[in-house]
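In order of appearance the chains are A, B, C and D, and numbering begins at 1 in each one.
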């Protein structure tokens, strides 16, 4: 089967941002998740937290570089009125203590029970953990955003992860270039497909069992 | 034997203060220990810490009462330049983490191995712990200041405490109205006697074994 | 979450039910949320487990005990060793009508911080060999004995701060800080009474003591005088 | 202790010997004590175990690795999952010439805070079921599995702050705070480089981030630019 054309990275980020509700505090992981900050839904007050000790920042800054004002990915950012700084223990207290409504992380693999692997690449024999393990267990809701398959077309959504884990049973929702899938106590449930993609195509590119309801909506972007 | 006349509370406080060296940070417990702040040795920079989150305060204030500026005993205090406030977790982090050079606590009983009992009075069937247990285990050096005997003339320095403990093996030095006694790995050693008091009198009023060196100095006040 | 500002302490308590565990900030006279406590007394809420540093006589909390509103207390100071004025709490405690969990003050602070930070327990030397070690697991680390102590959370926290912005960022005044910022992290519903509420941006980002994420409700109310008989 | 002010970073390192464990504050480009690190490199100190959030290529710490000064690293980020410029550290690590203890960042921060606060260990869910749980005790609390993780201390800490008073009270600028105030509590010898040093009283008592009790030595030195290739 030909792999269908999926969403661009920007559209994936846009779809993730729709999950944010008014008043929520959100942590965006390094890489693709960071893009989500450019697509925050208008009219909803969403507060961004960064694990290096910032609450309430805005977008990426294109002004003069301030070494002391960066997000967890090292990118320069802007501050919004009412922002605050704290030390890393307090910041991870927010995360581990369940005060972050949603964390968005990139993924390498996830399992049908919501295990996540996103920090170590066996083929390269390396990787670094950063704050991912804390975000995985600490956020009230964890959204993973990743390509549905590897560049070689291998499934990333598996019965069990083959890569070293970031966290067990931590993923609540995965947004890929092809689909939106809920992790439920009964396993993975397909919620939406990307425009032009069929449920059958998604299921075929998913190694884990995937429950496909009678009617699956198309993503609205 | 007639109990000899001992030091006044003020003189006991003055003797305790002599233990403070230049640059030290000191926590003074509630009651008699608080008096020590009035006798800080001139020319030595001693920083006072209070477990309710104050570092670098001065003496007791006799100005307008500020509800928000009190020591751990609830007394109004003054601030010195360079003082700072912190929350109680940080304050006890200083204490438990070994950052306080000397803590001074009152005592009800202590043992020959430096156990301290100072919070619960069995006769009254009550007492409250406050910060005493943290100070007992956390301070680098713990000085206990108390009357050598009870009002009824019973020894407070015992082989073993009969009152519920505050901490085990935590006392380094005890200053009483009659003597200064070191707690050493070899037991209690008499260091000084109060003016007009003999080593024999101190030993007779001490239930725990007390090593009396050949020459015992008289306290200089 | 963005904090909501209420007009009166009574309104800030909307929805609070009987049977709650309630953290109360403050140390002796400093940083006590007395407006909220008075409103809670007025409201008639019962079955409260109060988690607070100290219970002193002649305080609103002691009057709540007298009125039978308090089932239990977690505190570092509640029963005096010296004679003096007995609190209503002490009378009830000796009659077996209220419970008391006595906690060393540093452990009390750390338990609340842990509860708010998702730390289920921690190892401290404080209390080893004392009656307060009873029922706690002892562990050896590098030849030293520690107690394993559990984190502590509550349904509701009442705290007092000096200045807030409308988002819920808080700044405390002097030694009124004490347990307030810790309790702000450790309860399901956090209500702050403050001296003044300013616009976002009026507090320097470096000077925020409690970030807005921790605060649910706020009310502007001047500090009430607190009696304290030493 | 009252902090001592030194004229140069090199002088602030007096007495530092080979074989130390060394905490280094900072996060990517923010709040790194680069002046102290350059001075330590210059000094030729060897046998260092570095405890720092991240080791990136083209940094003074990586040059210290290249020069054989570093024996081991405790960090949250040291080996990249993606290809790109390899650090000297990674080359040495793959050759078995340096050790690496990888720690989740929240656990890393909490371990240092615990070390400084006399907490021997704590229970966290972070890392359960992952390779980083290996060798750690698992404990069940209320049906949830936690790892018992140890506190962390060091011989020396290098930190960077914005403003200090001569006693050693520190204020950090923006996100330069990160691990610096934690490390200030957890080392036997704490050396701070700062932008400016003012008289006691010039910093509001409520605005002190690191109380003077934690700081041993200070030196005024402007922040050096830090390279970072993303």
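FYI, contacts are C-beta pairs under 8 Å (C-beta built on N, C-alpha and C of every residue); 3 or more make two chains touch, one makes a residue touch a chain.
A quick note: this is a predicted structure, and the numbers were derived from the prediction, not measured.
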{"item": "Third chains touching both chain D and chain B", "value": "C"}
{"item": "Which of A-D and A-C has more C-beta contact pairs", "value": "A-D"}
{"item": "Approximate Å spacing (C-alpha centroids) for the pair chain C, chain D", "value": "33"}
{"item": "Whole-Å gap separating chain A and chain B, where each centre is the average of the chain's CA atoms", "value": "56"}
{"item": "Approximate Å spacing (C-alpha centroids) for the pair chain A, chain C", "value": "36"}
{"item": "Mean-CA-position distance for chain D and chain A (Å)", "value": "29"}
{"item": "Overlap residues in chain A, where contacts from two or more other chains coincide", "value": "85-86, 89, 92, 95-96, 137-138"}
{"item": "Two or more partner chains touched - positions in chain C", "value": "110, 113, 117-119, 124-125, 172-174, 177, 205-206, 209"}
{"item": "All touching chain pairs, where touch follows the definition stated at the start", "value": "A-C, A-D, B-C, B-D, C-D"}
{"item": "Chain D-touching residues of chain A, taken from the complex the two chains share", "value": "50-54, 66-70, 72-75, 85-89, 91-92, 95-96, 115, 119-121, 124-134, 136-138, 164-168"}
{"item": "Residues on chain C engaged by chain B in the complex (per definition of touch)", "value": "27-31, 53-54, 75-83, 90, 94, 102-110, 112-113, 124-132, 172-182, 209, 223, 225-226, 228, 230"}
{"item": "Residue ranges of chain C touching chain A (in the complex, touch as defined)", "value": "1-2, 113, 115-119, 165-167, 169, 185-186, 199-201, 203, 205-206, 208, 211-214"}
{"item": "Contacting residues of chain B [partner chain D, same complex]", "value": "23-25, 45, 47, 49, 55-56, 79-86, 89-90, 92-101, 137-138"}
{"item": "Residues of chain D touching chain C in the complex", "value": "110, 114, 117-125, 139, 141-142, 144, 146, 150, 171-174, 177, 205-207, 209"}
